[in-house]
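First the structure, then my questions, so here it is.
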Amino acid sequence: MIKSETQGFIELIKIASIYLVFTSLYACSVLYLEERYGDALYSVPGQIGSVFGLAVAFFLGFRMNSAYDRWWEARKIFGELTNNTRSFVGKCGIYVPSIDSKRDATVACKQLVDLAIAYVRQLKSEMHEVQHPELDEHTKKLFGDNRVDVQNKLTNEILLALAVKVEQTFQSSNAIEKYDLMQHVGRFFDIQGKAERINNTPFLHIYGAFTRIIVISYVILMPFFIGDIDPGGEDSMLELLAIPILVLISTAFLTINRLANLLGEPLSEHRTSVAIDVICQTIVQDSEQFKVKFQPKSESAANEVG
Amino acid sequence: MIKSETQGFIELIKIASIYLVFTSLYACSVLYLEERYGDALYSVPGQIGSVFGLAVAFFLGFRMNSAYDRWWEARKIFGELTNNTRSFVGKCGIYVPSIDSKRDATVACKQLVDLAIAYVRQLKSEMHEVQHPELDEHTKKLFGDNRVDVQNKLTNEILLALAVKVEQTFQSSNAIEKYDLMQHVGRFFDIQGKAERINNTPFLHIYGAFTRIIVISYVILMPFFIGDIDPGGEDSMLELLAIPILVLISTAFLTINRLANLLGEPLSEHRTSVAIDVICQTIVQDSEQFKVKFQPKSESAANEVG
Amino acid sequence: MIKSETQGFIELIKIASIYLVFTSLYACSVLYLEERYGDALYSVPGQIGSVFGLAVAFFLGFRMNSAYDRWWEARKIFGELTNNTRSFVGKCGIYVPSIDSKRDATVACKQLVDLAIAYVRQLKSEMHEVQHPELDEHTKKLFGDNRVDVQNKLTNEILLALAVKVEQTFQSSNAIEKYDLMQHVGRFFDIQGKAERINNTPFLHIYGAFTRIIVISYVILMPFFIGDIDPGGEDSMLELLAIPILVLISTAFLTINRLANLLGEPLSEHRTSVAIDVICQTIVQDSEQFKVKFQPKSESAANEVG
Amino acid sequence: MIKSETQGFIELIKIASIYLVFTSLYACSVLYLEERYGDALYSVPGQIGSVFGLAVAFFLGFRMNSAYDRWWEARKIFGELTNNTRSFVGKCGIYVPSIDSKRDATVACKQLVDLAIAYVRQLKSEMHEVQHPELDEHTKKLFGDNRVDVQNKLTNEILLALAVKVEQTFQSSNAIEKYDLMQHVGRFFDIQGKAERINNTPFLHIYGAFTRIIVISYVILMPFFIGDIDPGGEDSMLELLAIPILVLISTAFLTINRLANLLGEPLSEHRTSVAIDVICQTIVQDSEQFKVKFQPKSESAANEVG
Amino acid sequence: MIKSETQGFIELIKIASIYLVFTSLYACSVLYLEERYGDALYSVPGQIGSVFGLAVAFFLGFRMNSAYDRWWEARKIFGELTNNTRSFVGKCGIYVPSIDSKRDATVACKQLVDLAIAYVRQLKSEMHEVQHPELDEHTKKLFGDNRVDVQNKLTNEILLALAVKVEQTFQSSNAIEKYDLMQHVGRFFDIQGKAERINNTPFLHIYGAFTRIIVISYVILMPFFIGDIDPGGEDSMLELLAIPILVLISTAFLTINRLANLLGEPLSEHRTSVAIDVICQTIVQDSEQFKVKFQPKSESAANEVG
């Protein structure tokens, strides 16, 4: 995630520099040809170039807008994951002890929290297309205890195990706590489905191809739209001013198209994507902290001393 | 569904090529006439063409935006179908066994999952305007057992059967599990209604006709707006540059109009539509996997061995 | 509702033809005057006309966008009515029989469904400003049985009767089914309120008047912005090209303004409004079909035979 | 509220007339100066004026859009107030009698409805910045009976009294009806909070100041952008055409800015604001009608006769 | 928070004045150079400047729009905090006394309200990046009584303590009130998560850097786009008109970019940010008022006398 505007500048330059180079080369070549073969080359009437350029700017503006909405939607989904996990873990720690016998409650509660943590980790992995990440011993045991079939889609399996655990823990007691926790499990399913939707449905490649083609076309044609910029006569060098202008506009258009494409894939692992690693780490951390609190007094005290 | 940008390019070219051909022919004809009858033909002042062109671009930009929103809304609805089915099937497998006798529970649970699967399949069929698809033996028996009247609108009938099954299974037991599952049935009704809304309400044909007419008019008039592009004098061939420019802008406008029309019908079976076949297949697959898990230990073990 | 693009074209032509005629007459008159009194008439600099024209296009684009959102919101509300009625009727048929004695249940269930149907019909009537439509004998009896006061606002009365019926039917039994159905009654109140909001709050007449005035002003001034379009000299007829261009742009602007006004009243009974008659008919049909199913076996069987 | 387009025109003219007068005076003055001191005055190149004018139009378009969204959001909030009050009052009339003894129920139910009505009235007052309106005898007694402290923020106090009343009425009985009504109380809190949010958070005065300054600047500079409009030579009067054009565009820009500012304050008491007085009156009327229905049969019958 | 339009003007001038100064200096320098070295300097064709300027205006318009949406979203979140706290505190005061013994209830209820107040205060602190603010004696005792670990993230800890308190208070009684209050705790978690999401996810620094660069580039290049503005000949001073125009447009573009950046950080402590201090103070005040009401009659009476 880009934290400061300075970082933003650096990343922007990384993205834009390639365009800077190419458009500079192109603008120089066209100017050289114009110098060599006379002014006649530059003469498509500006008006049609103006329509084209502004149409491209419109379409880019709208596309950037949709891309940003998509990016923000992805961010919201992982924000919801944070909220839901916090609520769920908190409620587990509160509902479970008041129901079961002391010892069992601690175990059940710990397992529920561990499953929630494992779920968050696995969801993150699947977003990065790692369906079956390496598991540590602790997780392997947890999955074994809860009949999680590691061959299947793991997120589904863990959520199922979570639901089974909730059902078993509250089986003999008042239903309303169970219902409350089951709502959270349902929300986990919703969050996962939404994240998968954004991850698996590309941001309209056909429209992306369209904007790319028209942006590149405009950049190529721009020198012909610009007309004669040779004010000081053939011997002055003022026409060189055309180069920075052409380069600037070309780079701006190409960069915004690239930015829209990057924002349109908010769950990939590139520079502008949503920082799901950081978010998931925070969730896990918060959950671990909650877990410590839920340990029976004696352990907890020991823990605080440690 | 278009998975990569390369595919996007290919599909785009399929859509745009017809426009490329026609606009090339048109641009060449006008240029030929201009050559033959003198420059006088090209002379509507550019300013009014500029207003017209930008107005067209603006309306197209907004329309594309609405079309994309519509497409994304359709995608969200089927994402919700995924989430709701997963939650429902998962909860069936967890709630049912803890209530009924072992044997009956397995049967009831299996039937609930089968009905959910049949529902997803039928919804997909109805989206493709197939109201009464061929049923396999298994489904026929399922429908017979649950009093599904195959003469009526099938999605409604299956949901009703699902609700009846839920009611019967939990009749004698705690109401909160039944209420929870009934909420999911209600969500199925909502999802179906939303999908039918998008499928049956066309994307404003009257506005579609309007944009088509103004885009075509602009394309036809563009050569007259472009003015005289004959810089090198009558004997140079530089005016040929007008052809690619005209063709490019015309094709871009016609293509974006076509793209908006395609995106505005997100549940049809064309290249840019939402991949409901793939989505429904994934749902069915996930549900089948869940079903296997819910079989009593012995069967399940056998299954895992197999 | 307009079902195909061809119908869309026809409707569009109906709307646009009046503008076509008037703008043609106007453009011809101005051209005639210009011919008679010399070129001097056409000379406001194009630049200010360009700003005006594009500003108008912007404002129209935004207004069209808001109008479409409003139209789609209205469509969603009636989609929700479909979903809620289906769920409600389905749940009535399932919850009621499992609670009461067989005979009473059938009667209660039938009355609940009939009230829901009467509600949908009445809501449709009120949308078309018919507060007290003619009632058939069946409905009159239904209203009499359920203390519906036909003098008052009927939708409110029917919903109240529905809620009373739900309360009475489930009085002695488990509360959760009653709560579930009451939620649906609450949703009916919400849907009705939303539909009334759209129907009673006009789409900002003051802004409508504003766009109308600026569009008409632009159309009137356009010939003066277009400048001299007389390329072939006074004796050629090429300036006639100005007429179709003026007519086209004028008609496009006037038509889009009209379309925005029509879409802004989505619940009226004109060509582009939401097809609430068709939607309500479908709801009634689905509900009737459900009702047949809920009859006790014997009747139902008889029915199927018939 | 403006009910017809004719009213819209009248209100629009009220708003726009002041701008019409001032811009006419200004345009005439500039034209007079130009006549007196020669054409040289009019000569800033049009292109930069075009960029400025369109940028202003664009920013105004976006601002108008946001203002309309804000207005519609306010309208939705009061629509929700309608729906929630109707549901709440309806449910009170249905739940209360089935629980308590006949006599007490009627009293309790009446008080609940009266409190709801008082709440709607008070919310309306607070929106118009009247924190402590004059109370009639009936309301004073109601507030005294329910421990409403008229010194404090009254809406909060009434909602609290409403919640206490619900709690007391259902204390000894099944909790689900109480929970249902409490949800409605919660929704009242939400609606109030949303209405206060719109009412207390101004529509970005800093941005309002910004658009006002740039609009006024553009209007002042427009004559200098328009260039020489003196086609018929110094002796013709054709340049007078510049005046209506300048006046029209200036007035349009100033009016749309004013409209955006008015719509951005949707809960004030001016011509374009949301008609909360009418809405609240309808709510009160509906609630009173419901109350009559809830009276025990004898009274109600008497009432119908009267 | 900016309360009146006059304040808005003042704040706007504070923001814009720096740009006014710099752009004035720049415009004067360029004009001086042009005077000294002849008109030849001003000659990039206007058309390309027009495309660039309008593209910049578009992108700024869209960015301003997104920034405003972000600002409004932040405002909504704190509005929700208001609503949720009011509901929660109100319900605490109503549910608790009807369950427990008089004395304990008052204590429990007071502690719940105090914890809610402490939560609101802490959330505000964390938004301003003060993780561990100074606590007064009262709060310290409150945290000690409720096992709030001041080393950890305090908002999480307080919410957990709140949930534990709810659980303990209602342990032995009917579950539905507990469930209702727990829903509110869940909403607190959601609100906090949403506020943290806006606070921690910067408003796309890379896009901010992009718009800043293109705005500055356009401002630098504008004098070259403007062409020759020397209508009265070399000896007249009319070309000085160019300076205010350049300054105005430059300042407008730079200011709107700055405004978008400010609105994009709605939870910082600058002039245009959401007034969370005021909002939180109002919440605390309302809650304190509610707390007074919940004291048993005798204390409350004493309090009113005092």
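Letters A, B, C, D and E mark the chains in the order given here, with residues in each chain numbered from 1 onward.
Heads up, the rule we're going with is that contacts are C-beta pairs under 8 Å (C-beta built on N, C-alpha and C of every residue); 3 or more make two chains touch, one makes a residue touch a chain.
Chain-to-protein mapping (UniProt): A, B, C, D, E = Bestrophin family ion channel.
Fair warning: this is a prediction, and the values are worked out from it, not measured in the lab.
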Chain copies touching (chain B, chain C) - same or different residues, decided at half shared: different
Distance between chain centroids, defined by C-alpha means - chain B, chain E (Å): 38
Chain A and chain E: spacing of chain centres that average the CA atoms, whole Å: 23
Interface hub residues of chain D, defined as touching at least two other chains: 47, 50, 54, 58, 61-62, 65, 176, 179
Cyclic chain order when read starting with chain B and heading to chain C: B, C, D, E, A
Residue ranges of chain D touching chain E (in the complex, touch as defined): 40-45, 47-48, 50-52, 54-55, 58-59, 61-62, 65-66, 147, 149, 152-153, 156, 159-160, 163-164, 167, 171, 175-176, 178-179, 182, 185-186, 189-190, 192-194, 196-197, 201-202, 204-210, 213-214, 217, 221, 224
Residues of chain A touching chain E in the complex: 1-5, 7-9, 11-12, 15, 46-47, 49-50, 53-54, 57-58, 61-62, 64-65, 68, 71, 75-76, 79-80, 82-83, 86-87, 90-91, 93-95, 98, 174, 176-177, 180, 222, 225-229, 231-232, 236, 238, 241-242, 245, 248-249, 252-253, 255-256, 259, 263, 271-272, 274-275, 286, 289-290, 293
